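Each of the next two complexes has chain A plus one other chain: chain B in the first, chain C in the second.
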Partner chain A sequence: MDIRKQVPDIKGVLGMNNGGQIKSGRHKPFLTNSRKEAITAYLCLIPAFLGLSMISYIPTLSAFVLSLFKWNGMTSPEFIGFDNYKEMFTIDIYFTDSLKATLVYAFLAVIGSMIYSLFIAILLNMNIPARPLWRSIFFVPYMLPAIGVYTTWRWLYELNYGLFNHINRMLGLPPVKYLESPKNVLPSLALIAVWCAGNLIVIFLAGLQNVPGVYQEAAEIDGANSWQRFWYITIPYMSPIIFYNLLMALIINLQVVTPALAITNGGPQNASMFMSYLIYRYAFTKYKIGYAAAYAAIFFVLVGIFTAILFATSKYWLFYEEEGGK
Partner chain B sequence: MEGSVNNTYTIKSSFFKSKQRREKIVNGIAFVFVVIFAAAVLLPLWWIIRSSLMSNGVLYSYPPSFIPYEWMVSNYSKTLETFKYWTYFKNTFTIIIPAVTFGTITAIFCGYAFARLRFKGKKLIFTLCVGTILLPGMVTLIPLYIFWTKIVGLGGTYWPLILPFLTGGGFFNIYLIRQFMTTVPKEIDESAEIDGASRMCILWSILVPNIKPAITVVILMLFIQLWNDLLQQLIYINDMNKITFAIALTNFTGSFGTKWNLAMAATCMVIAPGIIIYLIGQKSFVEGIVLTGIKT
Partner chain C sequence: MIKRKIAILLAAIVMLSLITLSACDGTNKDVPSTGTTGTESSGGTSADERIRITYAQWGNETETAACQAVADKFNAQQDKIYVEVLKIDYDNYIAKLNTMSTAGELPDTAIMSEAGVLTFAKNGLLYDISEMYEENEAKPLDCITFKNNGTPVAYSAANEVLNIWYNIDLLKEVCEKQGLDINQFTPPAKAEDAWSWDEFVRVAQTLTIDVNGRNALDPNFDPNNVDIYGCCVNILPWQLEVWCLSNGGGFFNKDGTECIINQPEAVEALQAIADLSLKYHCAPPVSTAATALSTSLGTEKIVMATDGAWNVGTYLGPDANFEYGVGVLPYFKEKVTICTGGPNVVFATTKHPEEAMTWLKWYYQEENSWDLIENGTWMPILESWYTNSELTDKWINNKNYPEAGMYKSAVVDYAFNNAVSTAWYYVSGTDVFNAALDTAMSYVWTGDMTAREAINKYYDELNRIFLENN
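Up next, the complex of A and B:
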């Protein structure tokens, strides 16, 4: 990277608040302050910028390239055009299952954790005793390693002796196959994601505490009831934070893989065959690298579509305060 | 402001009294809900602790007891016979400590460049960096695996798990640091510069101490990211002596499928470091996250 020749002569503009380091003699030194500044900046950015392109952009492109090859990771790759995609859409029995599992899980986990965390945040925002204590408690599950969480919940969901089926038995209900039935497995796994959403609660709570009381009071004087105040003042004011949490929850939950790795192995009857897990399976247990890359490319498009929808619709419901917005 | 409140108060004192009462009731109901939900959140944790201290016979009896009447601490020593806790502990933190350190330092440098320095192409680089948030890690998994194992030849070492953190562990962390740094008044930098401080000196001795909450959150986020990972570790680690908590626990609970008390003892031990770190840094973690919620 030749930085020096790229930096134009902008000293006049940028040099305004140079801390007087240029003792302006007749010869302008080569390393002017703004050049030094730029060089420092590039040096600061090099590791991350190189790294981000090395671990994000280039691999993403490579995944698309790889998807056009047939390769087992050992022999030399063979170019086969779009055959991987053809196979995926026509022959592959897992494709629709994985699409369904990913979307249903993401939908349940995102909606569930958003509603739960907003609800808890609203409760915590009320005038209740020992608020920091409760806030810390709700945050605890977020601090647990995913694998610990899934072993814990596997035991809670256990068919005969798990906590939930003990409770069912006490209530006189038949035991429920939480993880063993294809119908229940995704809601059961999504509930785990909801339980872990402590970070969302804390962020929502911070947002709620930032809603200026003035608007609430004004609306109250105008006769708005608490539901109206919540819907017409709190929610619009919170919309940037809701958007942020929604985006993060969506991206994370679409990429779900750990529950399948740790508990279900994609079962029962492929009901939890998440697309990420399928990518892992094809690449690292069946050594169909090119084929797995084709899945990865489709997965990229899938995540892209959802993110794009979220951004495109955001202008209809996202409100930023006019002044003082950062 | 106060005057107007007093004014309304005298006019509508009865209205306010009933309002106060209603508020009290609403807050009371909210408190009850909070307690119930908090209990529900903690119940799974209590359940695994209590399960880890029971014999299998008691564990499988009905009705279930909420508190073990015989505390079988021996479950833990029995677990440790096959579950090499301290090896896994060492392995896990051999990855976590350098990764978190690298990640935090690079995030600080980048955040500083974006917040304070002027250079050509800043907007473009910034946009490119933001874009990486939207690139799913699952897509890059296979090409990266090929890169680390076939091209660089680091297969079987921890480096493929550590080196990616030289990027600040994702753009979110860089962004966070940038946001916090922009709130530190620029005049502080400028006066230090006049006093002859170098840029690095300003960064490390003025800016960094001023954005401690953000740095705490970045450290926490990096820690959690590594702490939660199973997939990457599964792919890159294939030596049984090098496995981490995540892999070890998956193997252990898989092989001891029916001995739930031992499986739960192992689970408790695995989640313990995270809980301990949380208890120590609880206040600054939560407050840091609160601040990030406001500033992003």
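Up next, the complex of A and C:
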């Protein structure tokens, strides 16, 4: 529906159809076309804004307020100022470990899944036999229920009877402590995240299919080899897609919680004590809801900082054809 | 016409806004307002004038249906009380109860996690149930009574104790391979015959064989290529308590006023569990599989494993592909096991405590949860089932159980004579404590620290958790 066609009727509905004023041209009407469009747009946005406020904005603000209280969820909250933050930075034995675990895991998972998914997308973009089948195979892990994925991988990694160590033994190699060693647990969990990155593959694939073939052909005629065509044509054209995937992967992997819930319980030796998992533990097993809110506030700032860094640096490597290649 | 369309559009926006607002309203439509806030509906009567009480539980669809069937049976017998079953997802159960507590909308009664009972009691949210049973009535066993400063606030709906379970087929195979007399390597079923810890370790080492057929006592044994392990001790933190108690220590002192996990008795016992794998190589290196029989005995590469009696109904009876037996736990200084079981509570906010207790008392009667007892998942809670041979026979003489004589001495008599309460019956905050202990012990399982070093490193945190919650 063309909204401009509604303009006369809006005037009527709102009781503003003062023909004398409009026709005379002596005064600029209050309801100009652009204002009417804006009002209509705002009216249409009200439900979405209300919904988002209730489920997102207000709870987020509430968490900041709650972080200033001592509250176990059962009795009345007690205002304690910044004591929760003080405890977190001075007494809490998990804070440093959780920060480290979250950052290391996010780094491994983001880098790994970006490289893996771009590589797979390039392969799937080639003219290979049974291409739809291969695309499905690589996308399926993303669609599987997370708890099923992690339970299966737990058994693959299992120290004594897992498949990977069974293969090691068959090859005469010693068993590897994938989940039992604090050094190995984060790379092992990050590998699962990489395996599940089917969504990134699909987005990369869509991006690859939009890289103009004419530039590739021109470069080929000019003597550019495959790597040069990839680096100087494909990558710049893909940079907005890479930026989007990087941003999403970063936020999702910083918020990691499922591996700790499903497999490690934060261990061994706190090596997988992710911040989101720790927030869950404080809120729902320790009944320290105010303290968990303080953790959530710090975590929010952390995610915000990384997101801001990503946006700030993007101007140096993002390429938009419409902006003249800037 | 267009005006009308715009009017409809605006009306739709308003309606959507109202729907959004109502969806975010704090009132929970799933939970009737019965029995919580003292309003008319809370203490109200149903259409048939019976007093309505609510019972919250965390079952899945099938379990909820079974619970509803029990409530229906109760309701059919009652002309004064009507029980309404509420379903709350297990994952959000405590969080939901917390929320309901804050909103003043707690149900009248509910099932509760063991570790959550005293936390709720300390906050004044549980009703004193000392009057649930008359003086001369058969009461639940004392060791499965949750006490807040000595006042009973909940009884477990079932009794469970820890035992040693073994794969008879695998035991025979290992003994035949080595020419051993199987009787000397079968876990004793009577407490008086229980193995000392050193005997247990020696047996487990003998039953552990590498790919070359050598057992763990052989100097040429290859610990990196083990075919069959002699034992596996469950490393869930709450189950580790039994070994500390057996060694004359514990996580807490007996009246729950002090955290004593740093004392030598507890530390030595914890180190002994780790040494099974690290030093004696008769248990698999600790992994995520060491927390359930289905993942330890279930590999069919482990001869003996420790865990709770519920496994008869949940794994050994229905799913195990081998003949199994049960024995009593080995001991350090004292022949002891620990008991536990999911409790039901009456909330202090109820307007109908008498009716709530009547319902729970009826629910606790063995005949009303017979299916779970018959299949081996639950053990009865009333003392008479352990002392009256007619009742005991009715309980254990069925196809779902292992040989009755063995089960009676190893589980029934052992539970009655040697079981003491798990710490969460008298100490609050054990779930948090156990989570911290789990972290501390992860250093010990890998051999990166001794138990003494790990407990020393984490004692301040463990003690702080204890003091904060008690």
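The criterion applied here is as follows: the second predicted complex is superposed on the first by the 275 of 326 C-alpha atoms of A that agree within 3 Å, B and C clash if a C-alpha of one lies under 4 Å from a C-alpha of the other, contacts with A are read in each partner's own complex, and residues count from 1 in each chain.
Keep this in mind: a contact is a pair of C-beta atoms (placed from the backbone, for glycine too) under 8 Å apart; a residue touches a chain by one contact, two chains touch by 3 or more.
For clarity, every value in this text was computed on a predicted model and none was experimentally measured.
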Practice problem: Using the overlay on chain A, decide if chain B and chain C clash or can fit next to each other. | Solution: clash
Practice problem: Check whether A:Arg154 is in contact with chain B, with chain C, with both or with neither, and answer first, second, both or neither. | Solution: both
Quiz item: In the superposed arrangement, which partner chain does A:Tyr287 touch: chain B (first), chain C (second), both, or neither?
Solution: second
Practice problem: Would you sort A:Phe107 into first (chain B), second (chain C), both or neither based on which partner it touches? | Solution: neither
Quiz prompt | Which of chain B and chain C A:Phe164 touches, first, second, both or neither | solution = neither
Quiz item: Which chain, chain B or chain C, is in touch with more residues of chain A?
Solution: B
Practice problem: Would you check which partner chain A:Pro268 touches, where first means chain B only, second means chain C only, and both and neither mean what they say? | Solution: second
Practice problem: Applying the touch criterion given at the start, work out whether A:Pro174 contacts chain B, chain C, both or neither, answering first, second, both or neither. | Solution: second
Exercise. Would you check which partner chain A:Ser136 touches, where first means chain B only, second means chain C only, and both and neither mean what they say?
Key: first
Quiz item: Should A:Val202 be classified as contacting the first partner (chain B), the second (chain C), both, or neither?
Solution: first
Quiz item: Regarding the shared-chain residue A:Phe230, is it in contact with chain B (first), chain C (second), both, or neither?
Solution: neither
Quiz item: chain B: which of 37-45, 91-99 or 253-261 bumps into chain C?
Solution: 253-261
Practice problem: Under the contact definition given at the top, report the residues of chain A touching chain B in one complex and chain C in the other. | Solution: 6, 44, 47, 51, 54-55, 73, 154, 158, 160-161, 169, 283-284, 289
Exercise. Provide the residue numbers of chain A that touch chain B in the complex, in ascending order.
Key: 6-8, 14, 17, 19-21, 34, 37-38, 40-42, 44-45, 47-49, 51-60, 62-63, 66, 73, 120, 123-124, 126-129, 132, 134-148, 151-156, 158, 160-161, 163, 166, 169-170, 195, 199, 202-207, 209-210, 241, 244, 251, 254-255, 257-258, 261-262, 275-276, 279-280, 283-284, 289, 292-293, 296-297, 299-300, 303-304, 307, 326
Self-check item: chain A contact footprint on chain C (complex, rising order)
Solution: 2-3, 6-7, 10, 13, 16-17, 20-21, 23-24, 94-95, 98-99, 101-102, 119-120, 123, 125, 224-225, 284-289, 299, 301, 429, 431-432, 435, 438-439, 442-443, 445-446, 448, 458, 461
Quiz prompt | List of chain A residues in touch with chain C within their complex | solution = 6, 9-10, 12-13, 43-44, 46-47, 50-51, 54-55, 72-75, 93, 154, 158-161, 169, 174-175, 177, 179-182, 263-270, 273, 281, 283-287, 289
Practice problem: Please name which positions on chain B make contact with chain A in the complex. | Solution: 23, 26-27, 30-31, 33-34, 37-38, 41-45, 47-48, 51, 59-60, 62-64, 106-107, 109-110, 112-113, 117-122, 125, 128-129, 131-147, 164, 166-168, 171, 174, 179, 190, 193-194, 199, 224, 227-231, 234-235, 245-246, 249-250, 253, 260, 263-264, 266-267, 270-271, 274-275, 277-278, 282-283, 285-286, 289-296
